[in-house]
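Input: structures, listed below.
In what follows, subunit A forms one complex with subunit B and a second complex with subunit C.
This part shows the complex of A and B:
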């Protein structure tokens, strides 16, 4: 099957600075993927290239097997909702009308219900919207477009927690009814974690983690307790992070914890806490996984790649 | 609906830009009446220039804030340009027709009853109605695509790029004026006001060719524009 999104050797340089550096990603159709990373990591540049709004210095980016730049057959199959979306001086209703002309799978009723959910009125000029309301408009367009490939770049900047939850709920419900490929860039990782099937973490223009969320869940554990007991449990394992305070120690262990080890931890008063997706992303951005185009868990957790 | 038509309609969404158009002529006419209406010659045709200049502004405004959202909706740069230029062409045709009708009315009423020239511009717009329609439509469209090109240059290279663009054109224009005023070549004759011996229709053809160049230049510039 042709991947929905495939990126190979993608590099984008700005006056000597590599915003993206030899990025390789493959995303299968019908999945929701989280695109994670620090500010300036290269997430927006990647999404802009995928949407044909930016051009790579080298490498290729393909949507359903074709390069998106200036190819309307490809472009009409995707929608890109940006955090900093610039709108012309039009009203909300006019923006939706323009979207209905351009998006072949547009659902006007769904768009109207989203506007109602977010408390937006069609006769209001876009330039008078608050930041959160603009984000809500972008979300309404991005969801109602039902494009085969939907790219969201921090779509909920300025939205309150209730509105963000509304976005997650509506996205999941509509995704279930109309499966599509969604690539969502976000900083609110734990909040959005339930949406993701896969995550791609980018740091300084390079992919540092590309894995299925199911594989990551419970695969990295923080072990804390008496130094001796923690050291005993960590022996021979990949240790990403090690902290020590007096007689207490805390380490981050990569790899699953066997039932025998859990029992040993319980008996010796050691706490085992699985790292959340956000904590894993932080570790990845800090270099715990090394830097490789596609990191499976087996290779990612290899001892020699750790930063113990 | 083709993407060009979609983009033309998309541009028309910013209605306030186009709602200004019908008000420019009566406004300028009123100014011409009170300023030159009582003077000898009563030639207010220069005030008509504002209508043409507004077309340049329309083209200029068509790019800046409209292009990013058009790309978000899945249009290509090429289609956005073509759709916007299509809108400009239709507006220019309609405006040209209106100017030709008003010119005929001005002639029939003896210069609005006061021997005033407003829609009759010597040499350029002073022939039969169809010449006026053709010439004004071509000039309006040329100014529109010229404005689009400026908008693209500003969108792509910012203020510095725009200033460089202006400087380059200034050099070309100055060189052109020097050539045109070269005594032996006689591009411009005061005794018989024509440009390089061209008829109005001939000059319209030259301007149309220039519009073609502007379209090619604009298309080439927008193809690598990023938002």
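This part shows the complex of A and C:
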């Protein structure tokens, strides 16, 4: 099957600074992928290139096997909702009508119900909307477009928690009814974690983690307790982070913890706490995975001991 | 944590969804021969990716606890409840008794005292349910 999105050796340089550096990503159709990373990591640049709004310095980006830039056929199958989308001086209804012309799968009724959900009136000028209302309009357009490839770039600026939950719920329900490929960049990771089948974490223009969420959840554990007992558990394993305070130590271990080790931890007063997806992404961006692309869970820091 | 209807970080979400569903079958919440929620219903309820919900259902189907009826959905297989209860009993000592004893040892609670505490808790429970 042709991937919905495939990016290979993608590099984008701005005056000597690499916003994207040899990025390789393959996204299968019909999946929701989270694009995670710190501000300035390169998320927006990647999405803009995928949407054909920017050109790579080298490497390729393909949407359903074709280059997006200036390809009408590709662009019609794609919708891109940006953070702080700028609209011309029109009313909400006109913005929706314009969207309906360029999106072949547009569902006007769904768009209207979304506007109602977010409390937006079609006769209101876009210029007079608050930041959150503009975000809601972008979300309504992005969802009602039902584009085969849907790109959201932190689409919720100014939206409160209730409105964001509404977005997640509508996205999931509509995705279930009309499967499509969604790539959503966000830094509200824990909040959106359950939406994702896969996550890609980028940092300083490089992919530092690319994995199925199912493989990550429960696969990274913070182990804390008496130093020697913690060291015994960490023995021979990939350790991402080490801290020590007096006789207490805390390390982050990758990979599953065997039942025997759990029992051992319990007996020696060691706490095992699974890391959330957000905490895993933070560890990944902090360099736990090294800087090579497509690094998995197995790599880590050298396994020196914490207790000297 | 986000609102995922009580799911946590400890295990893959599809495993947690399967566990919840298995728990409901074991407790008799969904009877044998009854339909279980669809993938999309589970996804909407737990606010999770439909693919994740589908993996959870498939886990139970592969285990023979659910059976597919073409075009209608997934149903609880005959004998599913008995099998789940037998499995839970088998796991009881390891999951509940060993940690209980380990903590008791750490606190210096001897086995006689522990047994007395268990009996007292049982009496309180009976009292509460009357």
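Methods note: the second predicted complex is superposed on the first by the 295 of 308 C-alpha atoms of A that agree within 3 Å, B and C clash if a C-alpha of one lies under 4 Å from a C-alpha of the other, contacts with A are read in each partner's own complex, and residues count from 1 in each chain.
Rule of thumb we're sticking to: a contact is a pair of C-beta atoms (placed from the backbone, for glycine too) under 8 Å apart; a residue touches a chain by one contact, two chains touch by 3 or more.
These numbers come from a predicted model, not from an experiment.
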Open item on the list: I'd like to know which partner A:266 touches here: subunit B for first, subunit C for second, both or neither.
Closed with: second
TODO: Once the structures are superposed on A, label A:213 by its partner contacts, choosing first (subunit B), second (subunit C), both or neither.
DONE: second
Task: Touched partner set for A:79, first subunit B, second subunit C, both or neither - done: first
Open item on the list: Just checking: does A:193 make contact with subunit B only, subunit C only, both, or neither of them? Give me first, second, both or neither.
Closed with: second
Open item on the list: Output check: A:275 vs subunit B and subunit C. Expected answer is one of first, second, both, neither. What do you get?
Closed with: second
- [ ] Considering only the touch criterion stated at the top, classify A:87 as touching first (subunit B), second (subunit C), both, or neither.
- [x] first
TODO: Could you say whether A:32 touches subunit B, subunit C, both of them, or neither, answering first, second, both or neither?
DONE: second
TODO: Starting from the residues of subunit A touching subunit B, keep only those that also touch subunit C in the other complex, and list them.
DONE: none
Task: Residue numbers on subunit A that touch subunit B, as the complex places them - done: 48, 51-55, 70-72, 75-82, 85-90, 94-95, 97-99, 101-103, 141, 147
Open item on the list: Per the contact definition, I'd like the list of subunit C residues that touch subunit A in the complex.
Closed with: 1-4, 7-15, 39-40, 43-44, 46-52, 55, 94, 98-99, 102, 106
TODO: Give every residue of subunit A touching subunit C within the complex, in rising order.
DONE: 31-32, 165, 168-169, 172-173, 175-177, 190-197, 213-215, 217-218, 259, 263, 266-267, 269, 274-277
Open item on the list: Quick check on the complex: what are the subunit B residues that touch subunit A?
Closed with: 1, 3, 6, 9-10, 13-14, 16, 65-66, 68-69, 71-79, 223-224, 226-227
